[in-house]
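First the structure, which I've put down as structure tokens, then a few questions once you've had a look.
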Amino acid sequence: LTTEEAAAIAEACSAIPEIEPIAEAAAHAGTLAIPLVVDLRARVARRSETAAAKVHLGATSQDVADTALMLQAKVGWGLLTRDASHLAARLADLARTHATTPMLGRTLLQPARPITFGLKAANWLLALEAATGRVEREAADALVLQFGGAVGVLDAEEGGGGAVAARLADRLGLGLAPAPWHARRDGIAGLASALAILAGTLGKMAGDIALMAQAEVAEVFEPALAGRGGSSAMAHKRNPTGCQVARSAALRAPHLAATILSVLPQEHERGLGGWQVEAPVLADLFGVTHGALVAMRDVADGLDVRPAQMAKNLAAASVGDDTAAASALVRKILAARASEP
Amino acid sequence: LTTEEAAAIAEACSAIPEIEPIAEAAAHAGTLAIPLVVDLRARVARRSETAAAKVHLGATSQDVADTALMLQAKVGWGLLTRDASHLAARLADLARTHATTPMLGRTLLQPARPITFGLKAANWLLALEAATGRVEREAADALVLQFGGAVGVLDAEEGGGGAVAARLADRLGLGLAPAPWHARRDGIAGLASALAILAGTLGKMAGDIALMAQAEVAEVFEPALAGRGGSSAMAHKRNPTGCQVARSAALRAPHLAATILSVLPQEHERGLGGWQVEAPVLADLFGVTHGALVAMRDVADGLDVRPAQMAKNLAAASVGDDTAAASALVRKILAARASEP
Amino acid sequence: LTTEEAAAIAEACSAIPEIEPIAEAAAHAGTLAIPLVVDLRARVARRSETAAAKVHLGATSQDVADTALMLQAKVGWGLLTRDASHLAARLADLARTHATTPMLGRTLLQPARPITFGLKAANWLLALEAATGRVEREAADALVLQFGGAVGVLDAEEGGGGAVAARLADRLGLGLAPAPWHARRDGIAGLASALAILAGTLGKMAGDIALMAQAEVAEVFEPALAGRGGSSAMAHKRNPTGCQVARSAALRAPHLAATILSVLPQEHERGLGGWQVEAPVLADLFGVTHGALVAMRDVADGLDVRPAQMAKNLAAASVGDDTAAASALVRKILAARASEP
Amino acid sequence: LTTEEAAAIAEACSAIPEIEPIAEAAAHAGTLAIPLVVDLRARVARRSETAAAKVHLGATSQDVADTALMLQAKVGWGLLTRDASHLAARLADLARTHATTPMLGRTLLQPARPITFGLKAANWLLALEAATGRVEREAADALVLQFGGAVGVLDAEEGGGGAVAARLADRLGLGLAPAPWHARRDGIAGLASALAILAGTLGKMAGDIALMAQAEVAEVFEPALAGRGGSSAMAHKRNPTGCQVARSAALRAPHLAATILSVLPQEHERGLGGWQVEAPVLADLFGVTHGALVAMRDVADGLDVRPAQMAKNLAAASVGDDTAAASALVRKILAARASEP
């Protein structure tokens, strides 16, 4: 590949191709990469026939597809990190503010012993931070360049494949795997599992709030937002719509993650039908998890807490009123968190 | 509701509303029905204030959502039925044509005893027809109107709810349930399971063909279609792209069906977060199942069968060559099928 | 096979072999059938060497395994049918008794409009009967003999395979498939899905009861059974243990069914690793579903219903008190059910 | 709690109770802990009535159940670590020995370009080590004591709960969580996901070997072990039984992990029906994953590799014969691994 050829390819790449005809051809071809490369090659050929022959050199369609997936996952990861951090701060506030606010602890959906609302919030916080930490860890491992060519031997350009890969990873802000990973999908599976755990963690918080927001319990309510939570049939209703979103996410996420776990047994160097399902499923998983996070962030931001009703429900249960241990535990949790690096 | 009011509502309904602002408002409201009803009411109000108050009378947002889902499912069902029937006819042709074409039967991915290619096709056919029959049965049960109002007591218009429901079901070409089914989702779950079984059945056929199309086996090949099955990196390749599509579907479908099974425990009269996940998941399930069906229909239509290579592989295995029982079984299967009503 | 040989085999079969050494050998062999046949053959050989050579004639290990699975499923089906019928009768009683007992209808876990407790019970009943009906239908289809030999061509005894199969099916009380179904597993998948739908239906009922049994709602309680529902730490507790069992089942069942859906794409005439997972998973699915059914049967049998508290919660919600439509719907549901054949 | 009372309890604990009556009572009680505590208390009471009242002090049944689960998981983890390490060493041997053994690389189940068998083994190795590393990380996080009492405030013994927990964790060889985790199950979910990823990774290796062991490919075979891989119907067969075990595991594991992901949304301080499903499911997940690991360890230990057949298949594909890049990549992978701490 000469410098001139490289320049011709780079220039053609700088223009965005027409999406629609490529998408249509992809459905027929079975992969997006083939019509994309055909289109690019045609555009390069207008400048240099020899350069056109070197478009996509050493790469295979799955290199393009996997790397694109990683770049999308990176954007999704950024959104999750930002919103999880916001929610964590808010939960820490709730834990602090209500460290000593007595309420009824409930087990097996029955009254048990007193806790404080701060302890409930602190537990949501611990779960959120553990789940977010796992997403960070898995994303840091998984977000790597794919560049291996047809059978993953990375032989682009007479042995220069390694150097090209390193430059490419650097330019794209992705990590470098120990070897092309066309048929080693554990990184994506780890990331998918971590997302599902985050979704489940948000679903737990949503479930607690929805249960406490039942009319007969009435201990917390979602913030009243204009146009949200109404009913098409009943003007009086204030539905826990944010909780609904997070619960739906927690119901879907395990199955989305399991789909990705199911395709780990790829055949040979690059499989038939397995890795091809990851992209839409991972996109859905990021979508529902981030949707749940935004929903619970908004719920936590304006959560309407009713300590008087909590006290009333606790008293009605006749299970004692000593919350010293609960309060102490909240303080311990918050202190440990503050002292972390 | 007077005749004039009904006419005013009907006229407003005959115009298609602007989709985008309603979709945007739905994301915030937590349901599509609320902004839709608001929009419709506003348009009716231009003709009659009293009619506007009666828009959506006796109905709830979930009535709209569930009925819309059923109408979509009905369209999807029609497509499946049409293409399954085409594929079945083609598989019957293959079974007939190759009733006595000897090939190696394989078990646990090892050579076993002789069969005929017609028997393999006949088994695909039996599985396809059983799976399609289940889809028919479940769709016939599941495709019913939802019309129950807020808590499913069907009290629209002072007790006339039943009559309205019957007319509505008739107009929409949907069945009538024994009672509103807001929190009884077994019909959808049955349909989803049936779709997943169909997808799995197609995945089995796809897997067999992909294994037989391995270069070392070379017994059948997908039809060569211009622009399909090529490789972005290797000009010589003829990838089993149709099989890839069906295998992908068979990998996703069990998890999509399981999602819908997971939301059966709806809370009380209408649940929080459960039924709300069904619509996108059922759409995906119809999409991947129909995609698999179309892919395998095209594969079967032009399947390139190589009896000589089948004979060669059979001989190499030294497991005998008596295929009389296999041929007789194919004839029996086809005869039983022909004699069905 | 002479009559004497057949008698020698039959006699050996009438003794139950030693289970433990066969089970141990099975783990190593990868199938139970091989050591079982070895053992049987040895015992037959003591009477007749020529008969010993004809043990397992025309059959393959999967014939034994699949037929055994069907016989087990048949027993499980019988238990389910019996207990579902008991529960249905009890739910019909509850619907009748409480047809006009007013209570608060709840949607999205918020107060909505009045219903009656009878309507809630009637909806549980409709869902139970629909789910049970699907189990019946699928079991009737699925419970068939497997007898096809190595590659499913049913050639036992020089073409007499069909007659042997018919006699065998009759003796075992199983149906006859149109052809051996070693690699057509749609029947098992349909049955598994139906079981999961039944489990989910019971989970819905369990969830409603657990929510109504919350101390702040207090509308129904599980029957107080000595030694059940207690707490190891809190003497005052009366946990909804029956509901716990059914909820657990409803959480596991979708994944068990999905496992069985996942293995539909069997390879060739008999697959590698797919059908081998069905037996333990189907056993678990029967186990958790039947466990849930027994639990909810006991809950329904002694359900402690509190109409006064229902009335109080309804009044507190200020959503009206007209339950005529709900009562009418209960009567309609019960009448339709009574008039069925 | 006096020293004498503690001694009385300790002595009673040192005897193993009769298992059967406790197990039977547990099925009725809904938890194992209640009959266990009843039994223990009765045995303590024979020595000291006051000590008997303090049995299970500050603890709840879920403390017992969760801690027992962690102790079992620890044993399972140890087995996995040992056998994974053995398999990794063997795969490294294969990669080294066959670093330059040419074979056909295959993509989408079609011939692609040359690789070496060593590269295939090196990729299995990389996947295995990544998966094992994740199990280590998750187990290290998840294997913590549960000790929180009824509502997780850790108030055993007038504020001494923290000290008791620390001693208990130390004695049991478990870690300490930042707070009781009755309703924060992310650790178990992370461990379950990691196990499923390991199972999937072994399933990929098993699938490759089973495909290469097809008679028409004949590149590798499972070791011939007496009594394994035979057929009840065909004496000539040598079935890939180890691969079958691992493929079955890879088919079940995603659904087992998804079950555990599904129960993350526990209600309140301790949930109803969710965490109760984890123990049997996690046990199955350890069981199938370890079974797969042992199976593939044995397969790798005696793998019968046929370089001549690999060369023949490669030549027949006419896709070139340059394996320099593949060999270089194997060396790079092994060198990077060797230089790790």
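Of note:
For reference, chains read A, B, C and D in written order, and residue numbers begin at 1 within each chain.
Operating definition for what follows: a residue touches a chain if its C-beta (ideal position, glycine included) is under 8 Å from a C-beta of that chain, and two chains touch if they have at least 3 such contacts.
Please read all numbers here as calculations on a predicted model, not as lab measurements.
Of the two chain pairs shown, C-D and A-D, the one joined by more C-beta contacts is A-D. Comparing the centres of all chains, each the average of its CA atoms, the largest separation from chain D belongs to B. Work out the mean CA point of chain A and of chain C, and you get 36 Å between them. Taking the mean of the C-alpha atoms as each chain's centre, chain A and chain D sit 25 Å apart. If you average the Cα atoms of chain C and of chain D, the two centres end up 29 Å apart. Residues of chain D in contact with two or more other chains: 60, 106-109, 112-113, 149-150, 206, 210-211, 231, 234, 239-240, 244, 247, 250-251, 254-255, 258-259, 262, 272. Interface of chain C with chain B (complex): residues 60, 105-109, 112-115, 119-120, 122-123, 126-127, 130-131, 134, 137, 141, 149-155, 159, 161, 178-179, 181-184, 186-187, 189-190, 193-194, 196-197, 200-201, 203-204, 206-208, 211, 247, 250-251, 253-255, 257-259, 261-262, 264-272, 322, 324-326, 328-329, 332-333, 336. Listing the residues of chain B that touch chain A in their complex gives 25, 28-31, 33-34, 37, 56, 59-61, 64, 149-150, 206, 210, 225, 227-234, 239-241, 243-248, 250-252, 254-256, 258-259, 262-263, 272-274, 276-277, 281.
Of all the residues in chain C, the ones that touch chain A in their complex are 106-113, 210-211, 213-217, 231, 234, 236-240, 244, 255, 258, 262, 313, 316-319.
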